[in-house]
Amino acid sequence: MSSALKLTDLKKSFGPAKIIQGVSLDIAEGERHAIIGPNGAGKSTLFNLISGRFRPTSGSVHLKGELISNRKPYQINRMGLSRSFQVSNIFTNMSVRENVRCGLLHSMGYGYNFWRNIGGLSGVSEKTAQILEDVGLIDKANMPAALLPYADQRTLEIAITIAGGAEVILLDEPTAGMSHSETDRAVALIEQASRGKTLVIVEHDMGVVFNLADRISVLVYGEIIATGTPEEIRGDPRVREAYLGEEALPEVEGVPA
Amino acid sequence: MTSSYVDLAPSRAEKFRQRVLPFILLAALLVVIPLLGPSRSTLTLLNHMGITIVFALSYNMLLGRAGMLSFGHAVYMGLGGYFCVHVMNWIAAGTGVWGVVPIFAMPAFGFGAGALAGAVIGWPSCRRAGTPFAMISLGVAELVAAAGFMFDSLFGGEMGISADRMGGREFLGLSLGPLDDVYWFIAFWTFIGVLGTWAFTRTPLGKLSEATRDNPERVEFVGFDPQRVRYLVFIAAGAFAGMAGGMSAVQDEIFTPENLSLIPSGAILIAAYVGGVRYFAGPILGAIVMTYMGSNLSDYTAGWLLYLGLMFVGMVMFVPNGFAGIIHDTWVAIRDGRLAEVWKIWLKRSVGLILIAVSVITMVEVAFRWSDGYGEVFEPFGLHLSHQNPITWALAVIPFVVGILLVRKAAKEAKA
Amino acid sequence: METLVFALLNGVIYGLLLFMLSSGLTLIFSMMGVLNFAHASFYMLGAYFAYTVMGISNFWIALILAPILVGGIGMVVERYGLRQVHARGHVAELLFTFGLAYLIDEVVKIIWGRTAVDYQVPAALDFPLFTLYGAQYPAYRIFILVVAIFMLVALWYLLKKTRAGLIIQAALSHPHMVGHLGHNVPAIFMAVFGAGCALAALAGVIGGNYFITDPAMAVQMGPIVFVVVVVGGLGSLEGAFIAAMLIGLLQTSAISINASLADIFGFLGLSPDSEVGEITIASMGPMLPFLLLVVVLMVRPRGLMGDREV
């Protein structure tokens, strides 16, 4: 399998603080890769580096073989990488439907178009409706996004992220703050949406991680201390020591310990 | 999948009611007005309203839709208008192609000139958003206004440049000489302007501008450059402002450097905001009210600009959605059948506001007559309110206090 | 030579006045994120208050009383106006101060009339201090210089050497952190807003009789002060100082240069009879700050000393 996302000795410092200290990672096409680590390990910073929100201090990021670490976020998005945010980052004054529509406009080829009626764009309305149906927000399509309940806002965040049909999807703690049943639904949605795509996910819920991921990387103090299959990670003594302390990793259905 | 799509989109009837009907009504209104036989001064007022409506709508493409606060939007109307005044003079000279261009087409020329001005000036100004953008728009406006006083052949110095709207050939049977003709001209272009600015909100770029207002960062991560979005919207707003300039060039037949200055820029900001920038119709309302007040209230009182300022500050503080917001909320309350529970609150609020207005008007009217020193006295309804009269002081203080108490009580009840 | 020396002196004085205005604006902006559109209106109020106070008592009392009064008004405005709209973001705040500027302009016109008032230099300072190249130099200008420098030193001392200054400096760089340290941030905001307005008023007291005290003075000064703040870099006092001096010197020296554009660009074939060639540097004076603004924004969008993108 060829590489979808390749980080090479990526480093980022803010002043004297070295947040990311040389991360190298190769994520294959179609892989579901989870990044775990304690708070403050630099997981969100890593996402910000990959998606172009921050410029790396040194090192490089390649998307499907092309260098992207010198590009702007919107260029990276157009090359097929889409991300979600840890804090819901939606268009609050627009309706749910309009939110999703913004997410897919560019991929449908309607750039900064100002001569077409948005309601009459072939395919856009159908695709919007389909995505809303898939994520289960169709009933709330015409609600202002700001009035959505929290869990639905998180779902909308994911919907905007996947709307453009990007091949590489980065999700930053998609289930944070959700109840059990909401988490289950979100996981099912992520599973479905990432089918045939490359998924990189930052998550605190170990159940979600071990359920979803093909491979897991453990980030501690800006360095990846281990990468491997869920079984390998569970068995890795360094991971237990550095990240999990004395706690045992949870037993998860379907994943033999 | 397709079945859910049908559920989502508004029905045919809804579409007609929300998108077609308002424009039919607007067109009907524009056609009916001259049948009522308005006087010359009314016609002039109506023409100015039309111009201000288009200008305010173009301004709201920036403030309401894209979240860009500009203090220099009159620059684009002014440059568009100046260009049209020059074109009208070329037409009058009748050389070359200009001989066949009808004056009726002026707003289209203004549209082009405004877009060009927006494209040139917007290039450095749209690199920043928020407060820096506002400051830059102010600086640029000052620069252009100062240049206006410097290049006489382009801007005509303090006297400005005038033109003759009857210089061209007739178009649609309109010589544009009599005011009636000018009314039809303005009505036509007002309709085009309203339709055009509304259509813009329905385009992908129009929607993206709203997205950029709400969350510029997220726009970047769905594949768009917010800076580019703002720049394109800025050009479009400049174009429609230029269109208003073209309308004004024909109506008033003169443009002066004053038209480029901060004063008309501030006025259109106030008009759009007071009308309600969150609603498409808000700036239309604001333009109508402001134009009416500007031409009528200024005859009654020297303090009208102060009232305007007070109203503006009051609305920024307490009614951020403007007139359109008030109308919308009222309509929603009536529609949902909550009239029975809210009418008492509304009554208290209205009485309170009227009382406050009485005392403010008393204070202002008495104060500026007093400071004028001509010994003039404010005499409403046969009352003799001089600054020594205790009734004056009572009128200034008591309604104010009672009014504030009433409004606060209403606000408390509305919250509960 | 003599024009140069005079232009330099006048430029420094004008620059210091500009800094007095822009320092308050910068302090308010960096702490609260509010660009106070009405700042120059407080400058105008300072001049008018001084004129009225001077009519009752004398200039020295006005010099102290007017800034205090205006500072008080500023605090009231912050407490009962600005704080109301704060939650709705910076555009709402900017709109509020814009409306306020409008209001103050109109109130001034109603109270003091539409024409300039006769606010004069106090008799005690109305004499030529020294003679330079045969021209007399008025003492009042040197007085402005002294007051401005005194203000500069006081501000520096306040910010660098006192506890209040430390808190303000902390709030400049980390506005959200100060609240966590247990300081009453709203009270600090109110005080800083009041102090900023008082500084503007002080500039009005000593500038109003140097220039002219009329209802247009706010509209004329306001945009230039914004230019100073933006060119210097939003939120940087040092930047504001440099930009103020730069614009002060630029504008006053431009006025004293009689050369036309044709004299300068004649080698490019610009004819002295053409419209562009005829323009003198002096007549371009009022445009220069805005030209500088556009150039700086093209070359260095964050301003001369700005360290944060806003």
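Just so it is clear, A, B and C label the chains in written order, and each chain counts residues from 1 on its own.
As a convention for this text, a contact is a pair of C-beta atoms (placed from the backbone, for glycine too) under 8 Å apart; a residue touches a chain by one contact, two chains touch by 3 or more.
Here the structure is a predicted model, which means the values were calculated and not measured.
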Pairwise touch network: line, ring, star, complete, or other: line
Chain centroid nearest the full-protein CA centroid: B
Centroid spacing, where centroids are CA-atom means, of chain A and chain C in whole angstrom: 49
CA centroid of chain A to CA centroid of chain B, Å: 44
Geometric centre distance via CA averages, chain C-chain B, whole Å: 31
List of chain C residues in touch with chain B within their complex: 33, 35, 81, 84-85, 88, 90-92, 94-96, 98-100, 102-103, 105-107, 110-113, 219, 223, 226-227, 229-230, 234, 275-276, 279, 283-284, 286-287, 289-291, 293-294, 297-298, 301, 310
Contact footprint of chain A on chain B as seen in their complex: 1-2, 4-5, 7-9, 199-200, 202-208, 210-211, 213-215, 217-225, 228-229, 232, 236
Residues of chain A defined as touching chain B within the complex: 51, 53, 72-74, 77-78, 82-83, 85, 89-94, 97-98, 101-103, 105-107, 110-119, 121, 125-126, 128-130, 132-133, 138, 141-142, 160, 163-164
Complex contacts: residues of chain B adjacent to chain C: 67, 69, 71, 124-125, 127-128, 130-132, 134-136, 138-140, 142-143, 146-147, 150-153, 262, 266, 269-270, 273, 303, 305-306, 308-310, 312-313, 316-317, 320, 364, 367-368, 371-372
